[in-house]
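In the part that follows, the structures are each spelled out as structure tokens.
Paired with chain B in one complex and with chain C in the other, chain A is shared by the two complexes that follow.
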Partner chain A sequence: MTKLTRRSFSAMTLALGASAALPARAADPLKVGFIYVGPIGDHGWSYQHDQGRLAVEKAFGDKVETSYVESVPEGADAERVITQMVRSGHKLIFTTSFGYMNPTLKVAKMFPDVMFEHATGFMREKNMSTYAARFYEGRAVVGVLAGHMSKTNKVGYVASVPIPEVFRGINAFTVAARRINPAIEVTPIWIGEWYNPGKEADAAKALIDQGADILLQHTDSPAPVQTAAERGIWAVGQASDMERFGPEAHMTAIVDHWDPYYINRVQAALDGTWESTDTWGGLSTGMVNMSAFNKALPENVVAEAKAMEEAIIAGTSHPFMGPIKNQAGEVVVAEGATLSDGDLLGMNWYVEGVNGKVPG
Partner chain B sequence: MIALERRLEVSRFWLYATPVLAVGLTILSGAVMFAALGFDPLEALHAYFILPISDLYGLSELTVKATPLAMIAVGLALGFRGNVWNIGAEGQLILGAITGGGVALAFYGVEGPWLLPLMLLGGMVGGAFWAAIPAFLKVRFNANEILVSLMLTYVAGLLLVYLVTGPWKDPMGFGFPQSRLFHDSATLPTLFENSRMHIGFPIALFAVVVSWFVVSRTLIGFQIKVVGLTPPAAGYAGFSSSKVVWVTLLTTGALAGLAGVIEVSGPIGQLTPSISPGYGFTAIIVAFLGRLHPVGILLAALLMALSYIGGETAQIVMRLPLAVTGVFQGMLLFFLLASDVLAHYRIRFGSRRSEEG
Partner chain C sequence: MESLAPIVLSVIAAATPLLFAAMGELVVEKSGVLNLGVEGMMLGGAVVAFIVGVETGNGMLAAAAGAAMGMALAFLFAIMVLGLLANQVATGLALTLFGIGLSALLGRGYVGTPLPALPKLYVPGLTDIPVLGPIFFGQDGLVYLSIVLSGAVAWFLYRSRAGLILRSVGENPSAAHAIGYPVIRIRLLAVLFGGAMAGLGGAFLSLSYTPMWAEAMTAGRGWIALALVVFATWQPGKVLLGAYLFGGLTLAQLHLQSMGIIHIPSQFLNMTPYLATIVVLVVISRDAARIRLNAPASIGKVFHPDG
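Coming up: the complex of A and B.
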């Protein structure tokens, strides 16, 4: 983004005063806005989205101008921030948390000329796309590692908010780990938030005290990885490569890689070919990546994890391929069958091997 | 050495001038901070304080943000005057949202003009009920209302999460933790087209007027003041401190509950796990910034709302860091408290002559 000169600034003020954005001229850069649920310094979810924003700036130079607002609460405030983005002339707006769904939808209906992209939701409009990543594919790869590496057969899982995405992660991991070692049990602790380093660390400590020797997290700060490193057990990074927060503990990380998608969508907006779509990318499209595997992991274990990754990419394996039992021990996915995307989208139950009750 | 000495008489002028002075000093220091960060201070202050409210839409958003703050702070101030420290307005807000929103969900799809008033009433009852718990424990067992009300905030939050992930979850919502969107009769009408300004703001204004009347013109208002200032005198006069505890906590709870149901039936339109960005806590600052005076509180609520909205605008148009918002609010409080000290105390340099004399 170029720094605003006083002239463009007062032009913007005028535009705001007239309650309409300036009509875009061909030479004007496309203004792209991003709204984050956490601070960009969370080193997790919002950090990775901001990396995507920076990739857009790098790819398009002065053809685009980007801005962002961080730590926007999910609630009445989100609608105002999205509207402010529109009114300050942004034409393509990414709202990067599930809780922004209804606010984004409301604003999208009010401003049909602006393009909206909402992450991880299910409501779409002519000018509102959705996008999400199949993080659960990465969980299956990690499950292979845990199946081999756990000595206590206990895995702790720092969980955030009980939405299907988090259930998919817990289940995909548990299924993969128990195919290697059927004695493995997974215990989630739900902290009810996406980003709260203190609570995340507390949950991590409680899980380790209960005997977990591998720690997973579906929360955004590196606190669980740090706690695992202090206590000398294995951990898995979330959203971004968290190796530097616990080099000994960090087995690998499931990295959200939004750069190609964001560049793609900005390109479409610049070309005038942007359309409302629903994107659910995974390991095969590069939206989900595995970061470098820890050197201390045995070679055969890493090879097996990589084989799982490749099989998922090739489509010869699927994290939710049967047989899969639920907590009651009933077969819910028969041998040879696979859960459909529709079933995955609404997943709110645990597979066999997960301890505790589903919250709610 | 430097010593603080209590002034015999506090100037009425300075009592009301210090908040204005604090705002002025905050803006001045803000300008210095922006310059130090490498931004044009005038441009930054403009983006922060003027741009967000430079049109009708911006003003309407300001009222949306200020409504819950003013409504809760007016109630809190009543209690603070009477030495009743309700710190749990956030929980009372959440419970009001639950009970009021529960009414909306119970009558889902049923249209009728009676539904909204019933919801608002439900929210007030819920909030008042949540505040009745610390009131009862205080009066009966002398339990500290600060701790009880604060702890109940977390209980209310967990109850809300339980409801929206469990029994009240939207059956068509793919398992996401949120209720259905309220239907039309359960949604607050907006006052102007293309704005989110709703009848909550007039209700908040009404609460301000009523609270002013209660404090300055009624016996209970007088009793609250006396109990707060000199409990022994209140005892001699036969004023019941239990009554003050009950009245102030129930009023605060009802107002916070009302703010909660207005949030969910207005700008949010459904129950979700996070319905308030801490309005109940911010309202404590608002109450003191407004000198516990209803009109002062209204102004303080608008200022506090502006500091949030300005922070967002400054991020968008100038890329100022988010932390600026917190720094601004912190400086405002610091200068207010500092100038308060100077209004109540004089600084003496050198030896303590007053004691020797």
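Coming up: the complex of A and C.
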């Protein structure tokens, strides 16, 4: 859903304008800017990026000065906001949504002296890096939990919009869960939005009514976790720790953790060693984290999940290591083979064990 | 049969916020005023109800506070359009934008705060009846309130003298004014009632439906409520039907997706509640004469008592 508001935007513009008027001094702090697609109060995607910004402030103190603009629509508006950030003296700018790709690229070409970092995109420039998180690695860890804990063998999955990132999550989870319990079936419901608490809860209820006793979500609000708690089944938090919304239901959460990356990049910018890079970090780089496992989970199950986590970190296991079959039962990844990053980036099919047809 | 109860309960929950907001807006529009600020008033109600709920732990008080907030926002609207004769469409849109921003500001410290859901009614014996028990005797208070208030609105508009006066103000404010009715005051009361109802709809979302506060959590329900009033051709019975139809279809399409019986693209299924509700309401209300009869003739027009 497109946000109608940019409530903080005019205030920001004023603030930026005011600071731009100050004369530059040699010992000036590095100005780091962040552009968010949602409100920082979404308790999900934008919230986690803002936690990263706060970590940067904490790590560098008065060596940096950070600012942000939230709820910036993807498209032409973004270009204006990014340009405004440049003009007010920001030297390192993080644009944190896929739809900012073209605007960021355009502004990056206009200002070769400014460093840009674009999240989840694939276009780079000499002064524009990309970065994203291998969220699906966390799904494999959760798959181990679900494989052991499901009694009905039915897992519900509240899905947002059919893009490769969401397919990767569904598939990585399904593969891992079925290696433990081959009877597991995963049913996705696509709600067509990233954020609509009421509809997310409705989808969760529909899945539970169909017999699901474990609930996953790839949408941004804690509503599915809350619904799972109300109905007494297990759930997994998305993007940030959602334990508070259903302490009994919350098995763990797959958390985006941008702090180390942001600190790293700001450090490089301060040192003058910043270069355009392409980062796709996962559990091993700390960009994806598992939050605390529920105390009610059996110890051996948690140990197995942790073993999976460590194997992925060590590189001895991969969520898409063969043999993997597609829905038709054909082997698409042979034993011992692993899907390449290129295959993962374009993933738009279901593995065996997922119910329903691929939307579209 | 056992599995039917939770489905019906979900439908009722999905319909309730729409029912509150649409019934309120129906009264507003019947008085000749068009308030497009429903979404904003719902958000205002949602955030204030949530804050009061967290701080006091009292669900009744929280819902009342949500209604009061909706009313306060409606009062701002009334000052603009009734007092200062501002354009109703523009003012209503501004109220929605204002409500989104204000609710986000007020709710800043409450994002990520959990709240126990409103207690559900429990009548020993009755609630335990399979299927029907939880549906009729196992809901929270706001659900019953939405039904009672809908009945009250229908009765008020078509069976009471005050309702007749309100409708006459919506049809021809000059004539109503000429025979001595205080048009502005009547419209003010209607607008305040609409605000309180939108606030209650929002309160239901943040207290019962998904007991939490998240920015813009109404996700367009205010606009759906507005559309329901128009497509129901300003008839309370059809507004009720439309709200439940929309809630039911939303749930039905989610169930259809998860059962995977027929393979229809999920994008299409996600669209069906909107499409089907409009089609059904348009078809059952296609009598042009009745539409003219029910539509408030002076809706959206600024009234200035002259002479």
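Note that in this section the second predicted complex is superposed on the first by the 335 of 360 C-alpha atoms of A that agree within 3 Å, B and C clash if a C-alpha of one lies under 4 Å from a C-alpha of the other, contacts with A are read in each partner's own complex, and residues count from 1 in each chain.
We take it that a contact is a pair of C-beta atoms (placed from the backbone, for glycine too) under 8 Å apart; a residue touches a chain by one contact, two chains touch by 3 or more.
Just so we're clear, the structure is a prediction, and the values are computed from it rather than from any experiment.
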Specify the outcome, clash or fit, for chain B and chain C once both structures are aligned onto chain A. clash
Taking the superposition as given, does A:148 touch the first partner, chain B, the second, chain C, both, or neither? neither
Please work out whether A:318 is in contact with chain B alone, chain C alone, both, or neither, and reply first, second, both or neither. neither
Check the residue A:192 against both partner chains and state whether it touches chain B (first), chain C (second), both, or neither. both
Touching A:359, do we find chain B (first), chain C (second), both, or neither? both
Examine A:207 and indicate which partner it touches, taking first as chain B and second as chain C; both and neither are also allowed. second
First (chain B), second (chain C), both or neither touched by A:39: both
Looking at A:348, would you say it contacts chain B, chain C, both, or neither? Reply first, second, both or neither. first
Please indicate which partner A:163 is in contact with in the superposed arrangement: first for chain B, second for chain C, both, or neither. first
Given 94-102, 112-120 or 238-246, which part of chain C has C-alpha atoms clashing with chain B after the fit on chain A? 94-102
Taking the two structures together, which residues of chain A meet both chain B and chain C? 1, 4, 39, 162, 192, 359-360
Going by the contact rule set out above, which residues of chain A touch chain C in the complex? 1, 3-5, 7, 38-39, 41-43, 47, 156, 162, 187-193, 195-203, 205-210, 221-223, 226-227, 230, 244-245, 355-357, 359-360
Of all residues in chain C, which touch chain A in the complex? 3, 6-7, 10, 14, 17, 96-97, 100-101, 104-105, 107-108, 111-114, 117, 205, 209-212, 214-221, 250-251, 254-255, 257-260, 263, 265-267, 270
Considering the complex alone, what residue numbers of chain A touch chain B? 1, 4, 6, 9, 12-13, 16-17, 19, 33, 39, 67-77, 79-81, 83-85, 87-88, 98-99, 102, 110, 122, 161-164, 167, 192, 345-348, 359-360
Please give the residue numbers of chain B that touch chain A in the complex, ascending. 40, 43, 46-47, 51-52, 54-58, 61, 64-65, 158, 161-162, 164-166, 169, 174-177, 181, 194, 196, 263, 266-270, 272-277, 308-309, 312-313, 315-319, 322
